[in-house]
Amino acid sequence: MEWHNVIDAASPELDQLAERYHLHPLHIEDCRQRLESAKIEDGEGYLFTVVKCIELTSEGYIDAHDIDLFLGKDFLITVIEPGDKDTRQNIERLQANGNHPRADQIYYRLIDATVDKHLPVLDHFNEVIDDLEDNAMEAATSSTLSRIFEIKRVLIELRRILIHTRDVTAHLQRVDSPYIKRDMWPFLRDVYDHISRNLDHVEMLRDLLTGCLDVYLSSVANRTNQVMKVLTVLSTIALPALVVSGIYGMNVKGLPGSEAQYGLVMVLGVMFACTVILLWLLRKFDWL
Amino acid sequence: MEWHNVIDAASPELDQLAERYHLHPLHIEDCRQRLESAKIEDGEGYLFTVVKCIELTSEGYIDAHDIDLFLGKDFLITVIEPGDKDTRQNIERLQANGNHPRADQIYYRLIDATVDKHLPVLDHFNEVIDDLEDNAMEAATSSTLSRIFEIKRVLIELRRILIHTRDVTAHLQRVDSPYIKRDMWPFLRDVYDHISRNLDHVEMLRDLLTGCLDVYLSSVANRTNQVMKVLTVLSTIALPALVVSGIYGMNVKGLPGSEAQYGLVMVLGVMFACTVILLWLLRKFDWL
Amino acid sequence: MEWHNVIDAASPELDQLAERYHLHPLHIEDCRQRLESAKIEDGEGYLFTVVKCIELTSEGYIDAHDIDLFLGKDFLITVIEPGDKDTRQNIERLQANGNHPRADQIYYRLIDATVDKHLPVLDHFNEVIDDLEDNAMEAATSSTLSRIFEIKRVLIELRRILIHTRDVTAHLQRVDSPYIKRDMWPFLRDVYDHISRNLDHVEMLRDLLTGCLDVYLSSVANRTNQVMKVLTVLSTIALPALVVSGIYGMNVKGLPGSEAQYGLVMVLGVMFACTVILLWLLRKFDWL
Amino acid sequence: MEWHNVIDAASPELDQLAERYHLHPLHIEDCRQRLESAKIEDGEGYLFTVVKCIELTSEGYIDAHDIDLFLGKDFLITVIEPGDKDTRQNIERLQANGNHPRADQIYYRLIDATVDKHLPVLDHFNEVIDDLEDNAMEAATSSTLSRIFEIKRVLIELRRILIHTRDVTAHLQRVDSPYIKRDMWPFLRDVYDHISRNLDHVEMLRDLLTGCLDVYLSSVANRTNQVMKVLTVLSTIALPALVVSGIYGMNVKGLPGSEAQYGLVMVLGVMFACTVILLWLLRKFDWL
Amino acid sequence: MEWHNVIDAASPELDQLAERYHLHPLHIEDCRQRLESAKIEDGEGYLFTVVKCIELTSEGYIDAHDIDLFLGKDFLITVIEPGDKDTRQNIERLQANGNHPRADQIYYRLIDATVDKHLPVLDHFNEVIDDLEDNAMEAATSSTLSRIFEIKRVLIELRRILIHTRDVTAHLQRVDSPYIKRDMWPFLRDVYDHISRNLDHVEMLRDLLTGCLDVYLSSVANRTNQVMKVLTVLSTIALPALVVSGIYGMNVKGLPGSEAQYGLVMVLGVMFACTVILLWLLRKFDWL
């Protein structure tokens, strides 16, 4: 079994391999365009597969690298991105390994390795959404809102990558490819199961994120209601005092108690009584 | 028929059984990882099944234990979790039973037992959601909101478990497995029907929970509207009094009735009349 | 053809029939549990069917009774609920009928009778939702809200019953059962069409009910907006008067016109002018 | 080829035809009930089809008439509603036509004519929804709201009719009927395509209508926000004046400038300065 | 191979070609109506395809031109719109090319060219939605709202076009057409993949646009909440001052400190203290 690992798709090495193994021009173009989503196609004499290797950037977003695989009967060509250090190390480790496994076994291990990298990413977003939910509940600021929509964009991207990767592994299960021996089937099914569960997980995260927005809106509505209540209670307390003091400030004759000794106490008593009655009415008829 | 019940997947007993019955390493790994969802796979010489046994925790959440089943022609290996007391008791009861049933009969009974445990869980959440709905209608606090989202997370989890369990039982119906005799088929179909109905139930609960959130939001909007009305009515009552008393408090000459004997009564009458007219206008033109 | 009608599933009559016709224990259990949804299963020598007969309760909710049917080559066993008067009368009428029809004809007529009872129920809820919509538009109170969610629960239940009944009739169309003669097929297809249209109807009702909630929320939002406008206009009217009268109430020298004869008129004119200008500004710049 | 056109389903003419051509009693019942949705069924010796002919009423709603078609090898029976003038004229035109086409050609033309009548209806609702959108944006009144829900009901009804008609034409494509010659197939496929595009159109209208409701709600929320801002700015302008004039209205000694010649100007200056500072603060910290 | 390019479907050239190659009248009608969506149909001796060529108008909307293709064994007839300059140039370039490719190769290139034009359109709307999102977050005006719904309409239209084009390419993959050689299959599959990814992209854009509306609504709710807070804080500051100054403005005896030298300072101190206590209470109990 011959294994060719091309680190830069732009290198002429890939052209030589393409000529030698009769790789289809469209597939070479796919390797070089580097914006393809995961896919699988039958070539003449080989199986062409593109998978995506995702990793968490330091800012908490995701970054995806392509791995292109040409699996033939007795050869495997892998094309990776120069910046994709994890896959590079993984390949070096597999190549350093003394005993030479079969091409389909390495093929499986490389795909499996990309799927294993989903979990930390999903766990990361699970935590982020948990924090966002608490945030939306306690202190819904507009930064919470913009954070929700940032994460939404990332999850849409993540879902797209996983759906295409799942379609690739589903294809591997359906089709009886001459390049993959039957004893690999349970392993491929395992990868498919794994990725399906990860997709379930992404859907759940999207569902929870939508929930965050609902929490946010409910929370803001609740807070507005709260503020209105405070304003109304303040008004309820102040208005009787203002009305009564306004009346006693009028240049009119005959204000009761205006000449009495305890006039002030009496008037203040009236103000206080009015406020208490008003608050009691609000509470009794459940107006607040 | 030999029945081996392994209580802890980590015990070397499982390795010995794996060697003896040629169990696939991936399946043994599945038993030990303990984070798999329910699944079913054909092994060589046996059928490997993982089901989830859910129970309600004392705090009202759900807890899921794995039961791993290796069903062969003349053997059954069950791997349960040490903390899963219910399944343990159930197995002990089945083993204590004098007459030795067939492996596929025990296999059915164990799966059926996990499905029977869904009902109290679903009933519990039905009641919880009923309470939440009343709560959201009457006294929508932010604790109602956080409760709704807690239950939402639990239902998402519950749905995931049931979907995978249903897929397992669907597989049992589709595939003509050599390890399950034909007379078990109506029983397996019964389990499948049961679980499908439970899934319907979960979907209904999710639907009702979404309704709770709508009730909550409508309720808050309604309450805000109510508070605004109270504030507006209070202002309507106070403003004429404030304006009139302000006018009579001015240091201007010629305030009508300011020197009259019944000036105060007159002025208060004007205030009262203004307020009444204002309230009448609001009502007449349906402005509140 | 022998027709046995059992009015109470708990009666020993059912056990005798079960023994005589070799009815499966699971099916007898289904008859007795009385919480099954509609279903159909092939037994040995017969076809087992459970259908639901719904009726409107006096409070406007729905009540569902089970009808269990065992259809054999030359026998029909019907098990009905003691409280299900309509089905009882229907059966008595069929039995009283002189000429003895075939078992599959009676089977069809009983199922058709349950489907005929959907229409008044659906019409009832159509009217209820119409009323709710008007209600939500005109006078959205929290009782409207709780009514919407009551109806929502009923429609969820109704939909569940109809889906299962449709699945039963779909099964009857798909499967070439030895117990149903070919000339019954157009009739069964008719029942299936009927029930599908009823399900469409339920979906439409659910859609309209969701619309009611939207009307409700929009209506409350609209009303809050209205109340805010009234409050703002009231403030716009009162504030100039309060500010001007406050200024003229100050113990400061040199208030223009405070000593003049027509000071009051002048000051009131200023108040009025300020208010008019303010209201004109609000209208001109479309601030309200 | 014999073509019988029955204008009123209740007439005994239909019974005579039913007897002569052995039409199934269920189909005759379908013609007479007149509440069936479009459907197609195989009878013995003929194909029974019901299609719906929709037209716009003068109030902008839709009205649907049934056309029942019995297509045999050498006969066609059409049953139309007395009130359905368009179809009547269409049939008279076809009958007046000298050369006698085949039964399946007339059958196609009648169905095609009903589909051609969808377009003006869809265009009408497209315009109505455009108007409603503008309305909801500019002047969201509760009449806009009730109009949205009226149109919603109409679109639900329209969609139901089109789905059933599409199912009929899909059936015509799938089934190799002896009554329709192969050269009609491209024409039938054309009708199916046409109706599918119309259904797409209805879905798009429903989507846009839901959008209208969102516009409405957003618009009301926006307006409430606007009103609140106006109220807050008014309060910001008035409150400093009220507080300062309140202080200078107190019966306390030592009010600065109360005895000075330009006291009033000074005090008014203070009021004005406070208001300006307050408005500047609101703007600077983006509180409004 | 003969290639006829008809620039205006109305020209008699098309009628001559129709006669010569026996093109179906319905297909010629499709070319001339110019309102068809993309479609593919088998004619006798040729394959009839309509694809849509979209381009961005200067106002940022999309414009779609029809390209009709009749692909026979040894001929290709293309019908384009006079206004569709891009396709015209593309065809001229292909025709100018010295070596004469096969009809199916040109057929593929023309379809591929229309798909290549999706990308700049999608990128444009991606940017537009990004801007709208920022807009909705920062300064939600009603023009943002109307812009969201404009883009919504465009995306609905775009999605419709792409779905029909995808259906065309899916058909090309499914059917083993005699007019397309097997070596073209990978290229057609490539077009299908490309268009599927574009559709995914459109769905993602629609999802993000819905998100914009949520941002808008949340943003308005947030802003209203903000305005309410400002109003409440203003009231909290003003009300104690108003109440205290009102009391000291009353014509009552015994106001404490009204005769004292530092009465004013004392009273102002009380006002200030009341306001501070009130603000501290609001903060402490988290009422704002």
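Per-chain numbering from 1; labels A, B, C, D and E assigned in written order.
What we mean here is this: a contact is a pair of C-beta atoms (placed from the backbone, for glycine too) under 8 Å apart; a residue touches a chain by one contact, two chains touch by 3 or more.
What you see is a predicted model; the values in this text were computed from it and never measured.
S.K.: Strictly by the touch rule at the top, which chains does chain A share as contacts with chain D?
M.R.: Both chain A and chain D are touched by E, going by the contact rule given at the top.
S.K.: Taking all residue numbers at the chain C/chain D interface, are over half used by both copies (same) or under half (different)?
M.R.: Homomeric contact, different residues on each side for the most part.
S.K.: I'd like the angle of the rotation relating chain B and chain E after CA superposition, in degrees, nearest 5.
M.R.: 145
S.K.: Could you give the separation in Å between the centres of chain A and chain B, each centre being the mean of its C-alpha atoms?
M.R.: So the centre of chain A lies 22 Å away from the centre of chain B.
S.K.: Using mean CA coordinates as chain centres, what's the gap between chain A and chain C in Å?
M.R.: Roughly 36 Å separates the two chain centres.
S.K.: Indicate the residues of chain E shared as contacts by at least two other chains.
M.R.: Within chain E, residues 217, 221, 224, 228-229, 231, 235, 242, 246, 249-251, 255 contact more than one other chain.
S.K.: Okay, in this complex, where on chain A does chain E touch?
M.R.: Answer in residue numbers: 24, 26, 37, 39, 41, 140, 142, 145-146, 149, 152-153, 156, 160, 213, 216-217, 220-221, 223-224, 226-231, 234-235, 237-238, 241-242, 245-246, 248-251, 255, 257-265, 267-268.
S.K.: Would you pull the chain A residues touching chain B in the complex into a rising list?
M.R.: 133, 137, 186-187, 189-190, 193, 197, 200, 204, 207-208, 211, 214-215, 217-219, 221-222, 224-225, 228-229, 231-232, 235-236, 239, 242-243, 246-247, 249-255, 278, 282, 287-288
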